[in-house]
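What follows is a pair of complexes built around chain A, which joins chain B in one and chain C in the other.
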Partner chain A sequence: MDPGSPKNSSIATRSGSHPEILGNYESGISFIPTNPLEAQARVDFSRASRHLATSCDELLRPARSRPDEMIVQSARRPLGCWKSVLRRSRQQNQLLSRTLASISTPTEPPASNAGAIPPATIAARKAPKFHVIPTKNPDNPIRTAFAVYSPPPSARKAHPAALVEYHAQQIRRLDRTGARTALFSKSNPDAAKPGDVLQVTTNRGEPFAGACLQIRRAGVDTAILLRNTLTKVGVEMWYKIYSPSVLGIEIIWRRPKRARRARLMHMRRAKHDMGNVDHLVEAWRRARNVFSSRGKGGNTGRQGKNSKRR
Partner chain B sequence: MIQLKTMLNCIDNSGAAIVECALVVGQKRHASIGDRFVAIVQKQRGATDAGMGVASAANKVKRGDIRHAIVVRTKKKVQRPDGSVVRFDDNACVLISKAGDPIGTRVNGVVGAELRRKKWSKILSMAPMHA
Partner chain C sequence: MAPRLPACWAAALSRATTVTHQILITEHHALLPRTAKRGVKYGWNTTVPPRSKNGRFNQVSAGLPIPTAGPAAALKRKEKTTPLRTGVLAVKKGVSAMYHEGRRTPCTILQMDQVEVVASKTRANHGYWAVQLGCGEKRPATVTAPMLGYYEAKGVAPKQHLAEFKVRTEDGLLPVGVQLQPDWFKLGQFVDARSNSRGMGFAGGMKRHGFAGQGASHGNSKNHRTIGTTGPSQGGGSRVHPGKKMPGRMGNERVTVQNLKVLKVDNETGIIAIKGHVAGPKGCIVMVADAIKKDPPAQTFIDKMTKKLLERHPDAEARLEEARTRHMELKELRKQGKIADVVPQEALTPPATAPVRL
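Right, the complex of A and B next:
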């Protein structure tokens, strides 16, 4: 289709991108433009059209929110541009696979019920044996009235990793779409990472935005630490990501370079403190509004609420 | 964890800048957000470093005064019923009278939302924001 396609793919492979992701990229979008900026614009367009058709989850929001910033990045760092383009193509693929996953999820809850610990009544229903005293005549032992019950089946044998199962079950219950798990999963390249600015919307009060200093991974108790500066005072909040009171977690701003530590406690010191992140939140809102006004038909209910709040 | 001798910032316009905790009222453990304690004004707002100097007339309290106060921010983490936790970078308080009314008329700075649970909504409504 495009004469420049072989040249560009060779550039991409040279720049250290994964070949399989590149393959997805080529198959997902049927052209390879010569100019990275143009590629981004085209991807943007295709993404916007998809937004009209589908109600997307919070995982996809950050990508929608950063068109202007990305252009800046590409002007400065060509590698960063490719990174973002690849991220977008990945998210498109995710969108497809996620719709399939959502079809298959309703079958899961009955399966989990079947694997639950069996009730104790099954063991009690078995006919009891009676204790027998052997006598000198082996053919005629004394049969006593004492019933001997077999021990109940071992729950430990049936469920060798009960705690792991329990955590998985609770996560299924609290995160039905799997979006929250994906947002913080280590295997997801688009996951939120320490150093990103996140916004947590709770069921009461204002949403809290702040730099993510740490992700405490502990099954269903997985929590994030956000830090912001309000009225010149540093405020830190821990949020459980699977908590029912947490309505949404959004990535406001991605750290341009990966943080080389898992816990960014040095950001409490004045030298490394990000300070107030309200300007990032504002930029994110403005960028998101551009899309929400265009794609009025495909908006979800929650977005409407957000736009009203402003 | 506010206890005997803890120094806190006073964030209202009563005139006190830094107060010292002398007693936690009504409990035998340390004070947290929303708890009441007896405070001694150690430094007043507008006072020069040379000494007492001439404090501004707006100050309702002066150095050495003993007042009651409410903790509004703590450096120690405070857990909420839903499992979220809040922590501030400093310890701060607001002076109140013995009847429980705030001495100042405005609060400068963020305060903890625990004040609502502890029935200090008057302070909460004076604050510019709560976290």
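Right, the complex of A and C next:
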């Protein structure tokens, strides 16, 4: 479900009547009534209320265990600009829309049997067509002709983008919640972008935080390049975002202005180097501790781990 | 067996002989017809077919050792490196990775499309055992008439690519017309992938053969990437030896990558994922076959897959026979110029729009 769709935003407005849902946020984030999304949402309210009436219980339950990858701004920080306002509004929408998405998520469609070969019989075989090689002589229009048999069903025609399907299949297996995909999706306005500071938690060693220099998009093989300065030495690390050894990826700090190139190789030069990002990580950690007494570790974005964090 | 020539042939010729128009008569032997069969009509050359089988007495039965050269010896020599069963044709779709038990494995994604057995080659008729496969489909308008006749006789649709896979014995042959699917390979088995590498065009010696090039300075002028001298000096003959590595066309040649593990097979999408990389650009044709340097898959698996194949196409033999009969009839009609009689009227009018080619 598209997080920015009008239906979702209407639910966010409606959720004002459920203090327990947004309880944590009311203290930190002031919801501005003049939000344009809200204005739009009022129009669509009647449509969304159907969903709410049927699924109020479900709405409440997953809200406590929602992934908080997107909540990255400090809650105490005053609203700086429209951009952050809209982002927060989107986050609240997403928080609720996800619950709806989980309700309406269809089960896996049964594997179709298109590619399998049906047991053929001679009777079922189609008679061959004729391919005629013509002449220009109107009296004898046919030079010769051959019987041409019909080909078997084509896997290439049925699945022209086999590589894309392979990627989708593997991503479904490795990223069951879709959180990792959303975090780097081009269509997601809250996605991580080059220039942001990200922290990657792996199953070995300490988490690595650094400025994202580039995102190498290659389906299930998508990777990010992070750069930090440790003990005055520049360190760059590649991480495969769908790797099972990557337990979590968090956005520590968002670049205030979108970078105007996809690969920020100039950040390796001393003039543009961000240097050590530990102070950003520390600020992010302190901001997170507002909500949680246990501020260590990161959100995994994987199934079954979220409950531990909250 | 051909009669041996008389030993006194030369002697007889030198003596008095009578040559009539048709028959050579000597003292002892006569009545050898003067036909063009015996003489060399168009001069001596090396391509003239041998007029006697000189090796006909060189038999094992005559006490000679088993010959180490010749077709039978060649087959015997290559027996161990010839796979038990045929490989398949696939199209390279691209490169990705697969995660299994926490480990990342780079892999190549191949897709099989309409891979069918087109013909079998036999020891008796062709000198070796092989399976001819075709893949893809081709519009009949782009196929030559001889090949249309070929496909007509086999009862299969015209194929975009044809390739041949040698097999060790007759047991490796498959009925014509059966379709191979990715499950022909067992998960985890090893395969060899043969394909044409990416063409680099005309490349210099540094790129093509890894020559060192020449210095950037010290008086070097306009010769930084040239290959330098090509022939050794006096001791080496002062000439360019055959096979000297020089600039030229690079790439687009057959490359075999051996011992790649099969990671995934999917009949639904036609996908085969194999570990590692395969030569060639995306979209190139890859011949995938059981690895020759590893053990073939278990015989039980081979038998199972062959059986499954025959179950999927229970009437392959009958279809082939039907197609052959039909082909002979049509061929006769074509010879007589009466093919128009059997062509239905709708086949005469060309289709309004050409079919979309994939």
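Keep this in mind: the second predicted complex is superposed on the first by the 160 of 310 C-alpha atoms of A that agree within 3 Å, B and C clash if a C-alpha of one lies under 4 Å from a C-alpha of the other, contacts with A are read in each partner's own complex, and residues count from 1 in each chain.
Heads up, the rule we're going with is that a contact is a pair of C-beta atoms (placed from the backbone, for glycine too) under 8 Å apart; a residue touches a chain by one contact, two chains touch by 3 or more.
Predicted model only: the values in this text are computed from it and were never measured.
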item: Dominant toucher of chain A (residue count), chain B or chain C; value: C
item: Which of chain B and chain C A:230 touches, first, second, both or neither; value: first
item: Which of chain B and chain C A:220 touches, first, second, both or neither; value: second
item: First, second, both or neither for A:238, with chain B first and chain C second; value: first
item: Touched partner set for A:151, first chain B, second chain C, both or neither; value: second
item: Chain B versus chain C as contact partner of A:187, first or second or both or neither; value: neither
item: First, second, both or neither for A:205, with chain B first and chain C second; value: first
item: Overlap of the chain B and chain C footprints on chain A, listed as residue numbers; value: 240, 243-245
item: Touching residues (chain side chain B, partner chain A) in the complex; value: 73, 77, 82-90, 92, 108-110, 113, 128-131
item: Contact set on chain A toward chain B in their complex; value: 202, 205-206, 208, 223, 230-240, 243-245, 268
item: Residues on chain A engaged by chain C in the complex (per definition of touch); value: 111-117, 119-122, 125, 128-134, 140-142, 144-160, 162-163, 165-167, 170, 174, 218-221, 240, 242-245
item: Complex contact set, residues of chain C against chain A; value: 91, 93-94, 96-99, 102, 104, 109, 111-114, 116, 136-137, 140-141, 145, 148-149, 151-152, 155-158, 179, 181, 267-271, 273, 311-315, 318-319, 322-323, 326-327, 330, 334, 339-340, 342-344, 347-348, 350, 358
